[in-house]
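Worksheet for the structure shown next.
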Amino acid sequence: MKDTVFLAELPWPEAAKRIAAGAPVFLPLGATEQHGRHMAMNVDVVIPTAIAEKVAGQVGGLVAPPIAYGNRSQPRTGGGPAFSGTINITAHTFSLLVKDVICDLYRQKVRRIVVLNGHYENIGPAIEGIELALDALGRDRVGDLTILRIDHWELVRPETLAKVFPDGYPGIELEHASVIETSMMLALRPDLVDLGKALHDGPAQFRPYDRYPRPAEEVPPSGVLSLTEGSSAEKGRWLLADCETRIAEIVKSEFF
Amino acid sequence: MKDTVFLAELPWPEAAKRIAAGAPVFLPLGATEQHGRHMAMNVDVVIPTAIAEKVAGQVGGLVAPPIAYGNRSQPRTGGGPAFSGTINITAHTFSLLVKDVICDLYRQKVRRIVVLNGHYENIGPAIEGIELALDALGRDRVGDLTILRIDHWELVRPETLAKVFPDGYPGIELEHASVIETSMMLALRPDLVDLGKALHDGPAQFRPYDRYPRPAEEVPPSGVLSLTEGSSAEKGRWLLADCETRIAEIVKSEFF
Amino acid sequence: MKDTVFLAELPWPEAAKRIAAGAPVFLPLGATEQHGRHMAMNVDVVIPTAIAEKVAGQVGGLVAPPIAYGNRSQPRTGGGPAFSGTINITAHTFSLLVKDVICDLYRQKVRRIVVLNGHYENIGPAIEGIELALDALGRDRVGDLTILRIDHWELVRPETLAKVFPDGYPGIELEHASVIETSMMLALRPDLVDLGKALHDGPAQFRPYDRYPRPAEEVPPSGVLSLTEGSSAEKGRWLLADCETRIAEIVKSEFF
Amino acid sequence: MKDTVFLAELPWPEAAKRIAAGAPVFLPLGATEQHGRHMAMNVDVVIPTAIAEKVAGQVGGLVAPPIAYGNRSQPRTGGGPAFSGTINITAHTFSLLVKDVICDLYRQKVRRIVVLNGHYENIGPAIEGIELALDALGRDRVGDLTILRIDHWELVRPETLAKVFPDGYPGIELEHASVIETSMMLALRPDLVDLGKALHDGPAQFRPYDRYPRPAEEVPPSGVLSLTEGSSAEKGRWLLADCETRIAEIVKSEFF
Amino acid sequence: MKDTVFLAELPWPEAAKRIAAGAPVFLPLGATEQHGRHMAMNVDVVIPTAIAEKVAGQVGGLVAPPIAYGNRSQPRTGGGPAFSGTINITAHTFSLLVKDVICDLYRQKVRRIVVLNGHYENIGPAIEGIELALDALGRDRVGDLTILRIDHWELVRPETLAKVFPDGYPGIELEHASVIETSMMLALRPDLVDLGKALHDGPAQFRPYDRYPRPAEEVPPSGVLSLTEGSSAEKGRWLLADCETRIAEIVKSEFF
Amino acid sequence: MKDTVFLAELPWPEAAKRIAAGAPVFLPLGATEQHGRHMAMNVDVVIPTAIAEKVAGQVGGLVAPPIAYGNRSQPRTGGGPAFSGTINITAHTFSLLVKDVICDLYRQKVRRIVVLNGHYENIGPAIEGIELALDALGRDRVGDLTILRIDHWELVRPETLAKVFPDGYPGIELEHASVIETSMMLALRPDLVDLGKALHDGPAQFRPYDRYPRPAEEVPPSGVLSLTEGSSAEKGRWLLADCETRIAEIVKSEFF
């Protein structure tokens, strides 16, 4: 059988052996969400899973199956629910799923967990899921458990951003389906990107508040919140390298 | 970009187009669960996803991201929680996830949904998830919605079973990680099977009841409930062909 | 006051005495569900309660009040919700009820619990209720607790089935409101059966999948999934004797 | 088959006929709770069920299966959880159960429901269950539905109380397992009462507040909050007659 | 900074110091609910908060932020939902809020909690919230925690009632927005009362049952269930003094 | 009675009149959370409530009772749970509370709601609460409802920030209990601030990820994440003026 870091691709005795040896388990959190006319909707799954795979390979870790359904997309951060194909999950369901997985990993003696997130709207419910798991397990009874929660975009170095955005970094707020994600996807899954279909109708100009149930019509028709111009596979490799290197360092310093 | 039936691999405008054209959406339900010493733990995800992919290709359908975490494995049907790597989700979380996905597909104007299940313990919570979605949407307000719920193993023809089991079909009850699943995996993902590691310690002899919290020690050490002897990729292709052909017929007759 | 095994018919000091003596507590799970034109709708309550009463009398046990509302009836296993009188409870509510009762029995020092089920659709939520109770109580803190979960129909011996079905046993799948249940009711509560009203419109021919929200019209008009012909009180006594004898053996071997 | 007002003792066609004719459905809410050394623990089930049976017979109604597990017994109103045999259900579970039953009765075209309660601590969660059902059904969509919620002890006439308590009525607050309930049980189920076992250790003197998790030790050892002296079957018949007569009047005036 | 007993008005080091010193924490439970044409809708918040403030000052206690949204107002006890401005919260939400606050106070080493309630419909869900907190914390693990639950109106002495109601006390049942609450508000917040606007259309004559979803039209148009005539600030001071004195005594005797 | 925009300080007929006139209702969301050694813990309640009061006065609006318990404080955004006095509520409870209030305001014919948030960790659960309310009400049935969700700190103009931070704006990330909040509190409630107690131990240097259950020890001992130096009541007035002006504009443009 093939050698792999993906937990679900192993037979159970191999999983048991690695868990017993203290393998950190990475849990990628993603979404099925529009990412512009030029990219597939699995961007938020592909990126953290690929980073987790790379780092797990370096630190003797395992990658649990990614959660492919994300918490409700919002207009100002992901375009919102108006785009066909974006599948929204409630925060409560998402949190319970994270909680259940963590609790069951703990039951299996996993003591080092890295929750690696690729979807902005998952941040809150992922934290809640972790907290609910700790509530259920009993904070005073899990002295040997450590959970790290990482949003991959937080790990890109300023110098890399400077190279990726020679005209100045527009800020993470609008980076949905824009240069960072597009470049990473070009590096990881060029078959899921077609830059020729990009509409270049950004960046969005958002009002500083949310409106429900009918959001203001401010999301660019393409669904891209900022810009796609200037995306490249090479930039993607720079960005991914930052994330991979930094997470490997974090995991080593926290767990070993 | 590549042509695909996987919803999450499409850009949203293509998803929108296919949904508008009435594409049925397949939702594969799986698990991360031990399947013996000789197979990976993603069997219950791989099989329904592969069947869904094939049928979707034939009927102009789409395949939503599979749910890779299944409801609690039980000793008599999946070996139970004692095996490292089996990740158990509560029935309530699983049902809410199914409910959320269905409700959001409906919101997007999807009116033909096929819930295709590969994990025995998912049956009840999948039904509940569908019922909860109907409760939430309002049964009297979804006159144009049809949801089919299929367990793939129900679609194998008796004549195929006779060919697969020349010495007599032992019954579906113990078929966990046994000839049917092993053969299908040999056909679909031979890289995730190593028959040389099979322990041949089945079939299990179960008492006709469940015991908690310490189940009777009746699950064979390998985790295989019946037998792996006699598995082959050829048999797997026969079995898959039955499922694919039958589901395509069902979808055509129910939806078109 | 009368001597009884029914917990709720005792004054509390007597209950306290028996619990302190280690009495196993039986919790019958039933439903209010159509069982054909010829039988009352409490079949799934009457049968497990009667069995529990008999066995409790033999092993010094107690019978807790039966749960008379069952999880959602499905067309292929109970006729479904289309029949007036069938009252459907969600899986979550049912599980919480089972969980609450078990947790409170545990609090009262009951350490031997037999969950005895009479309704097919209760299987999943009953398991979930037990698992939720164990989650709440803490699996590592209930070392002295044992819960058995039994579906009574699993305990009928093959030789009895051969006698009951001289022309061959059609299988448990369609046994809803058919010979087994009808015979047991004729033995237990003949006042709730009128064979003269049976429609003999079975057996059902079901497609191998479920359809929502409008099930296929395959349930026989009577609601009986198989056959009522050949039912008799004598057969009922044979069937009940099997269940009673076997459960008494199980309880003795597991608990004493 | 026997003639009965108990819904679950009817075959479904008979239930269908009566529901179509507009039969009010009574839902008795009870508990499994200590009621002194001299009575069984099913008092809160027996009394409202008996009243419902009588009134249903007079008004062409049906009696749904009673809910035999009540919301958490509290020291000042039912003795609290310290007594073996009292089985406590959470308010949320109890409310969901009431909600589910009402929603499903509505789905079956029942439009006249009487929730008849026999357990003090059920009042709040019964109201919540009804409100949750209305929330779920949509208050603006159930114009033809009427639900009455009755605590049976509210219907005893002052002149009856004067006869029952010739020395003055001590008030409903402490009437748990005391003269009113004991007399009613003597009238309904004398086999479940043994006045000779009454301890006569009341009435309780309660502080005007609750203490958790260790209640003040104020509940009389017997569990009787007031007095049993003076209970008689005759008084029970007077009290039951009041309830039955008054509920019949209410039902007629509200529904017909 | 000002000296205060209000927890949220302290900087954290001062809160830490007082908690470490064993300060009891008062949690006032109120509502936003109609209280007649002559009073503001925050009566159920103002009264228990004022009492808590006074008692906390006497016993070295702290007052946590009051819960200003109460469980669903009912016609017979608060006028019901028909009055604009009454904001109803479900019992489940209310209970979870009480539970969360208690659990987090416990985590912070608070071991003496007084839940002081001012809204009738909160009684059940407040008990449930306390019980849920104990379920979550583990009753056997909180040996040093004591929670008192007090409805302030239970603490008025009979002799005070005799003075307040020289013509006889009509009973607590109808005291919503009537002499007791009006007098207390006149004493505490005369700016929120205008007796000139009272309608004097009470007392209500209620049927002894509830009707849903359309309650009987028995609530007086003003929303006052009994009488406002005879209210005065002086009576309010008598009533408050009773509550304050008695709660201070209770707290001292239970905690010190 | 006093004139006020606070809904709960009005008698119900006045509330009814204003709601009928289309008054927007402001719902302030806050927290009870440490804000350094120099400030009270109600900062996140005081600020949005004061802004809401001011704006409501300008636009004919009402202010509903603030929610004083916020979602779980996190180390990187509020110092986390280690500080005595911070009271953490789960995301689910917080969302349900927001949902319940919105649903009940809608039931009362309120159609213009402004959810004004003062606590960072509330953002996600506030969005979820709004979405849950819309799910419950039915998005297709609330065509006349508009909900605005505003974080007050998003409305400060860049030119004001330039004046407040003459040495450069450090960014909103660390602004917990720092110059912005401290200045606003100095303007609004100087009695709850004592700059002399500030520790000046910031700004925090956070790692770009979260760790559970034991966060990295990076929160400054004071609990202030950035700096307090340079705070002043004047700056507070500038900041508040920006928020008030901008929200008034938003409300007018969206609602009138």
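A, B, C, D, E and F are the chain letters, set down in written order, and residue numbers restart from 1 in every chain.
We take it that a contact is a pair of C-beta atoms (placed from the backbone, for glycine too) under 8 Å apart; a residue touches a chain by one contact, two chains touch by 3 or more.
Because the structure is predicted, anything quoted here is derived from the model rather than measured.
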item	value
Pair from A-F, A-B or B-C with over half of its contact pairs in common with C-D	A-B
Longest centre-to-centre distance from chain F, chain (CA-based)	C
Shared interface numbering between chain F and chain A [over half = same, under half = different]	same
Chain centre separation (chain D, chain E; CA means) in Å	28
Distance between chain centroids, defined by C-alpha means - chain A, chain D (Å)	54
Set of chain D residues in contact with two or more other chains	90, 92, 135
Chain B - residues contacting chain C, complex	71-72, 74, 90-92, 95, 121, 123-125, 127-128, 130-132, 134-135, 139, 142, 145-151, 154-155, 207-214, 246, 250, 254
Chain A-touching residues of chain B, taken from the complex the two chains share	1-2, 7-13, 15-16, 19-20, 32, 34-42, 45, 64-66, 68-69, 81, 83-90, 92-93, 96-97, 99-101, 104-105, 107-109, 191-194, 197, 223
